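Below, chain A partners chain B and then partners chain C, in two separate complexes.
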Partner chain A sequence: MIRFVAIRLLRAVLTVLAVALFAAIAMRVSGDPAVIALGPTAPAEAIAAYRVQHGLDQPLVVQIFVQFTALLSGDFGISPLNGRSALQVVSQRVPLTLLLAIPALLIKVLVGIPAGTIAAIRQNSLLDRLVMSASVIGIAIPNFVIGLGLVLIFAINLGVLPSSGQPNLPGMIMPVLTLALAGIGTLARFTRSSVLGVINQPHVRTAYAKGLTERQVIRRHILPNATAAMFPVLGLMLGSVLAGTVVVETLFSWPGIGSLLVTAVANRDIYVVPCILVLSSVVMTLTNVGVDVLQALRDPRILQRGR
Partner chain B sequence: MANRSLRFHVGAQIGIAWIILMLGLTALGLTMSADYVLNIDLAHRLQPPLMFGGNSVNILGTDELGRDMAARLIKSIEVSAGIAFCATLLGLFIGTAAGFVAAEARGVLDQLVQGLIDFQASVPFLIIALTLLAFFGNSIVLFVCLMSLHGWERHARVARSMAMEANALGYASAVRQLGANTMRVYALHILPNIAGPLIVSATLAFPEIVLLESGLSFLGLGVQPPLTSLGAMVGFGRDYIDVAPWMVLLPSAAILLTTLSINLVGDWLQDWLAPRRR
Partner chain C sequence: MEDHVQPLLSIDNLHVDFGGVEAVRDLSLTLERGQTLGVVGESGSGKSASWLAALGLIGTQASCYGSVRLHGMEILNADKRVLTQVRGRRIAIVFQDPTSALNPLRSIGWQIKEALRLHRGLSGRPLQQETERLLTRVGIADAARRKNALPHEMSGGQNQRVMIAMALAGEPEILVADEPTTALDSTIQAQILDLLRDIQRETGMALVLISHDLAVVSEVCDQVAVMYAGQIIESAPTAQLFAKPLHPYTKGLLAAQPTLDGPARPMRPIRGTTPRPDEMPSGCSFAPRCDLMITPCRRPQTLRHVAPSRSVACVRVEMEG
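Let's turn to the complex of A and B:
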């Protein structure tokens, strides 16, 4: 087990290092940081002085290495847009994004998994068809269309919810719903197929044969086995929520990381963008390690296979 | 056992019908003059579609500058489908090539390809795409290349494992011993044999690329004016959603129909081409 965790952690560290290296190369190869910091109208002497001062006269490889070590020590540079450190600008927005992402993930899990389970247990019933059709549409529909649909219904026609998200409860409802609905179909579909994989196995038949009720069989024999296969999907769900916040926060003018990223990209802020990239890769890889470990605890056969 | 014939797959029939209609509209779009699409008519701005009391010249209504919605929709479908098609093909090529190189070379190159696959899976692709756009700016060629990077890792994984399986089978070593060079073995013998799963992988990538492109264009970071795409139309229509909801609803419906159609056709293709994978 320790060996397994160590290998996963090592791979996670390598991945984050690769992302940081990618960011460092991109930061140094594209555009001139001196021009970006001082503006395109700065006199040539000022730019030259800035270059010497910040080591931009060094060979490219040295510059990339310096940038790489700076990124790893958490020094992402000063955002030219508001003159504060990029890390500060980003971390200030983190709680607001979590305020959307955590409820959205919870709704996804609490609706998607039961829906998929019911669909599998009542396979080919009307309910199954309904869940499957809804999830096919859910997979095909872009999240901004869901969001605009909600705005059209609840903000414009009914007038019961604000269309731009102030960080309070009524302002949260539509962004959270949009985030939750996009991707819920994938989870339901996946749950259905994992439950179907378990439902016909001999141990489930035995459980029925010894007289357990359907509810007991589902809770004690089907779901524990089906969820073991579903942990990796939960990692994917986090990724889809992270990507979803970019569009959803912009759509509802919610001041989180996603809308910050869009503004930063539009203004070509080369300090805030890598900061978000590296931080989200840290969050994602750590989650994936956690998911792998949980899965191994649930299903020790993975330890053997992972060798 | 499910019948795999197209005759019994209603979803795939609907999907194919929309794809054919889309191709027809695209052909129509190519014959349309650019003037007509860009024609600004401020006297007739924000006209509703015909069925909601609009005029019969602009049957799908007009936008904020009085441009004809029907013409712009056709042009947008052409651009969105064109980008997704080119990007899917390019991604399929990159992924297959990388998978084959990994399968043939093994060792360091294989590790490198697998490392790149891990790298891509470690961050949501939207964030990687936005980073590249921030650093290297935006042009239509760059944008298509960027979109093609989505999904290459899945194609590469499929190509790598299937090519390794194929290499262990008799036919690959037989043609090698007949003196065929490596390129020939992969292009003429292994590729046709593993085309099914790769096509399935591509039909998974295509709707995802449509969604990605429309998302980025919606944010104003994808296709730039005067060119338009379905996502860009929704993005611009968003400001008029309270007075002219059709500006949002029509392109949204077109996106949904497109991704839904390809998904349905993909489901059917998956049953038909790669029945083992269920």
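Let's turn to the complex of A and C:
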């Protein structure tokens, strides 16, 4: 188990390192920091002075290495847009993004898993086909189309919900729904296939042969085993709470990390963008390690299989 | 009074049909209290399907006709509530591959306790004690510690012992063992068979041992039913079946067995192969492979009593008289 956790952690660290390196390279090659900091109209002498002062006259490799180590030590630099530390700018937006992502995740789990379970247990029934068609539609329609559709219905035609921007309950409803709808479909399909994978296993027949009712078999034998198999998907969903809301936040002008990322990229904010990249990769890798450990605790056979 | 006349379990004219393909055709048999019945046949002969169908465990793709009565109560296609009262409590079943027949994520103790709670309403201290007693009874040493093990931490033989313990939890009247030793090493096989026989004697429950192996069945069972292509073609007390097989298929089966005692003789395989269920001959299903085939064999054969506890489905046997 210790070995298992150590290997997962090592992999997580390597992933974050790779992301940081990529961010450092992207930062340095995507624009001249001096021009970005001082503005395109700044005099040539000022720019030259800035270059020397900030080490921009060093060879590119050295500069990238300096950026890389700075990113790793948590020094993300000062955002030229508002003169505040990039980390501060980003972390201010984190709660707002979580305010969308966490309710959306809860809805995905609370609707997707039961829907997929029922579809699997009543395989090939009308209900199954209904759930599966709805999920395909949910998966196939891009997020922004769902969002626009909701805006059209609830904001423009019915006028019951604000179309954008306010971080309060009515303002949350549409972004959260938009985020949840696509995920419900994915989760329902995953649940259905993992439940089907368990239903036909011999041990489920044993459970019926014991004299358990169908409800007991589902609750005690099918669902727990099926969810154990779904941990990786749930981990991915949990890991993308920070990074998965870009489209929806932009669409509803929600002031979270997603819209910050879009503004930062558009304005070539070479400090905020890497900060978001590194932070979301840390969240993603750590939740995945956590989920892997939970799954191994649930099903110790994983420790024996390939590592 | 009537209870004594009624057999423990009677199967009458059972058919199991998988979308037009009949896995079991017109099967009838009775099982008495404390009887040990062996059911022998090749894979696909319907030997397992008939018992799974009786317990409603065969899945929704199959349709079952006929009658299966337990103490006179119809259980074939019965309501779920009836079946959950029968399964585990009155008829328990032990499956072929014990390691996959146990829930991989639950400890073996948990799985036995589940059955004990369900059928005997035990809880707390008595539940622990009974779990350990059952595990010890089936030959798991150090039960207090081993009950926390997961199935993948046990050997196949140990898992089969756990399955048997779980089956005993409901104190059933009938234990159906469906190829219980096929997935196990031959040394373990003998131990599991001994265990089944001992437990059967101790509890007096009826035992149905399903196997493709005549030798396995003959070690444990008083009566043997031989199945071929979905039908019982011969049923006889074990000793008589070995001494004087009547059906040509049974004769062929015995001739194809290696012998350990007695003079060495070449094993004679039965020529041809089992007919596919979708191209079953209209008459006797064994006729195409039978050396003794004559014109009346083109008509379907049914099981007929020829002596006490002996019946056979072969027209030649009657002619020989």
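In this text, the second predicted complex is superposed on the first by the 297 of 307 C-alpha atoms of A that agree within 3 Å, B and C clash if a C-alpha of one lies under 4 Å from a C-alpha of the other, contacts with A are read in each partner's own complex, and residues count from 1 in each chain.
Keep in mind that, in the parts below, contacts are C-beta pairs under 8 Å (C-beta built on N, C-alpha and C of every residue); 3 or more make two chains touch, one makes a residue touch a chain.
Predicted model, so just to flag it, every value in this text is computed and none were measured.
With the two structures aligned on chain A, chain B fits next to chain C without clashing.
Comparing chain C and chain B on the residues of chain A they touch gives the larger count to B. Judged by the touch definition given at the top, the superposed model places A:104 against neither chain B nor chain C.
Residue contacts after overlaying the shared chain place A:203 against chain C, while chain B stays out of touching range. When the two complexes are overlaid on their common chain A, residue A:275 makes contact with neither chain B nor chain C.
In the superposition on chain A, contact of A:217 is made with neither chain B nor chain C. Contacts of A:250 after superposition on the shared chain: chain B is touched, whereas chain C is not.
Contacts of A:239 after superposition: chain B is touched, whereas chain C is not reached. Closest C-alpha contact of chain B with chain C, superposed model: 12 Å.
The part of chain A that touches chain C in the complex is made up of residues 201-203, 205-214, 220-221, 224-225, 228, 298-301, 304. In the complex of the two chains, the chain B residues touching chain A come out as 11, 115, 118-119, 122-128, 130-137, 207, 211, 214-215, 218-221, 231, 234, 238, 241-242, 245, 248, 252, 255-256, 259-260, 263-264, 278. Every residue of chain C that touches chain A in the complex is listed here, in rising order: 55, 57, 80, 84-89, 92-93, 95, 97, 100-106, 114-115, 118-119, 150, 152, 163, 166, 170. For chain A in complex with chain B, the touching residues are 11, 14-16, 18-19, 22-23, 26-27, 29-31, 136-137, 139-145, 148-149, 151-152, 156, 193, 239-240, 242-243, 246-247, 250-251, 261-262, 264-266, 268-270, 273-274, 276-277, 280-281, 284-285, 288.
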